[in-house]
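Residue numbering begins at 1 within each chain, and the chains themselves are lettered A, B, C, D, E and F in the order written.
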Amino acid sequence: MPILNIALIEGRSNEQKEALIKEVTDACVRALDVKPETVRILLQDIATQDFGVAGESVRAKRERQA
Amino acid sequence: MPILNIALIEGRSNEQKEALIKEVTDACVRALDVKPETVRILLQDIATQDFGVAGESVRAKRERQA
Amino acid sequence: MPILNIALIEGRSNEQKEALIKEVTDACVRALDVKPETVRILLQDIATQDFGVAGESVRAKRERQA
Amino acid sequence: MPILNIALIEGRSNEQKEALIKEVTDACVRALDVKPETVRILLQDIATQDFGVAGESVRAKRERQA
Amino acid sequence: MPILNIALIEGRSNEQKEALIKEVTDACVRALDVKPETVRILLQDIATQDFGVAGESVRAKRERQA
Amino acid sequence: MPILNIALIEGRSNEQKEALIKEVTDACVRALDVKPETVRILLQDIATQDFGVAGESVRAKRERQA
């Protein structure tokens, strides 16, 4: 532990994902005083039609505001 | 809050997904007396080989029953 | 399917939880054209110190604003 | 119940997934004394760049060690 | 990997939980040909009022059928 | 987005949880170039009998090694 699930709007580059894994692992090490190898992170890409806020998907909102 | 994760058998149209986001958000607003913009919904498409009931995937069951 | 995980700030009554389960199930039935008995809902109570927005827990924010 | 979410490094064959669903369902039946049809399993394929251990993705680690 | 989240109706003994962890780990080892130490399992106790099927919580259903 | 679920072995103080929320939010802001208020974090305390590695719960392992 800790085990982290991170849901992201899809489209991030592998470099951004690598930076996120590194930064978040270091944040856990500092805050929880754990070893880096105990920190496991799962990233989950979410398509814009699969993420809804206030009753509307991000996709529909972007199309409406385009 | 609330934050909802909804796992669905893959294959739903964007229209069905939009309707689901709208209907479920409204349901949360009515039942919990919260504002729509506080309701976040993540949809997760599950392939038929990735969903198992009674020890068998939906895919294998459909092939068996075809 | 569908299977829903709903994270809620803790403190809701059993009546509110019952209403939420009923309303959200009906919403899924309407939007996805599925039978009610296929809809499974797991509610997850989240303590105010365990939910963070903008780098601060809800608990800390409420104390700050009290 | 029980409902199981299983995160896997992507690349497993449908046969392996079918065996996993069968074996894990049987394990739940033995350990919890429940009927197989009450056991639901969702498999989640995780790409190597989306799984991090010790601050680095599995992808980056494999490239480094290649 | 694999990482498993298992949602259970609350009330299982520690012995049942220990048996579940052992059995499910062995099932993963057989089906996926992985080492036991790579298998991580998180159990999540769900109260009967927090699990809904067909629009009703398990708690309400049990009270109705009592 | 992003939305993070962080499973922790139970026992952390509110101060450690507050530090974790702050540090992880800042890590997401740096790595993903997002605003802090878009980052939501849910912490999940896991009892030692509910977390298994290599077929054994953390609780059983600690008792064995005591």
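Basically, contacts are C-beta pairs under 8 Å (C-beta built on N, C-alpha and C of every residue); 3 or more make two chains touch, one makes a residue touch a chain.
Worth saying up front: this structure is predicted, and the values here are computed from it rather than measured.
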Required steps from chain B to chain D (each step between touching chains, minimum): 1
Chains contacting each of chain D and chain F, listed by label: A, B, C, E
Fitting chain B to chain F on CA atoms, where both chains share a sequence, rotation angle to nearest 5 degrees: 180
Centroid spacing, where centroids are CA-atom means, of chain E and chain F in whole angstrom: 20
Chain centre separation in whole Å, for chain D relative to chain C (CA means): 26
Multi-partner residues of chain A (each touching 2 or more other chains): 3, 7, 22, 26, 40, 42, 44, 46, 51
Arrangement of touching chains [line / ring / star / complete / other]: other
Pairs of chains satisfying the touch condition: A-B, A-D, A-E, A-F, B-C, B-D, B-F, C-D, C-E, C-F, D-E, E-F
Residue ranges of chain B touching chain C (in the complex, touch as defined): 1-9, 12, 16, 19-20, 22-24, 26-28, 30-32, 46, 51
Of chain E, residues touching chain A in the complex: 3, 40, 42
In the complex, chain B residues that touch chain A: 14, 17-18, 21-22, 25-26, 36-37, 39-45
Complex contact set, residues of chain A against chain B: 7, 44, 46, 49-57, 59-60
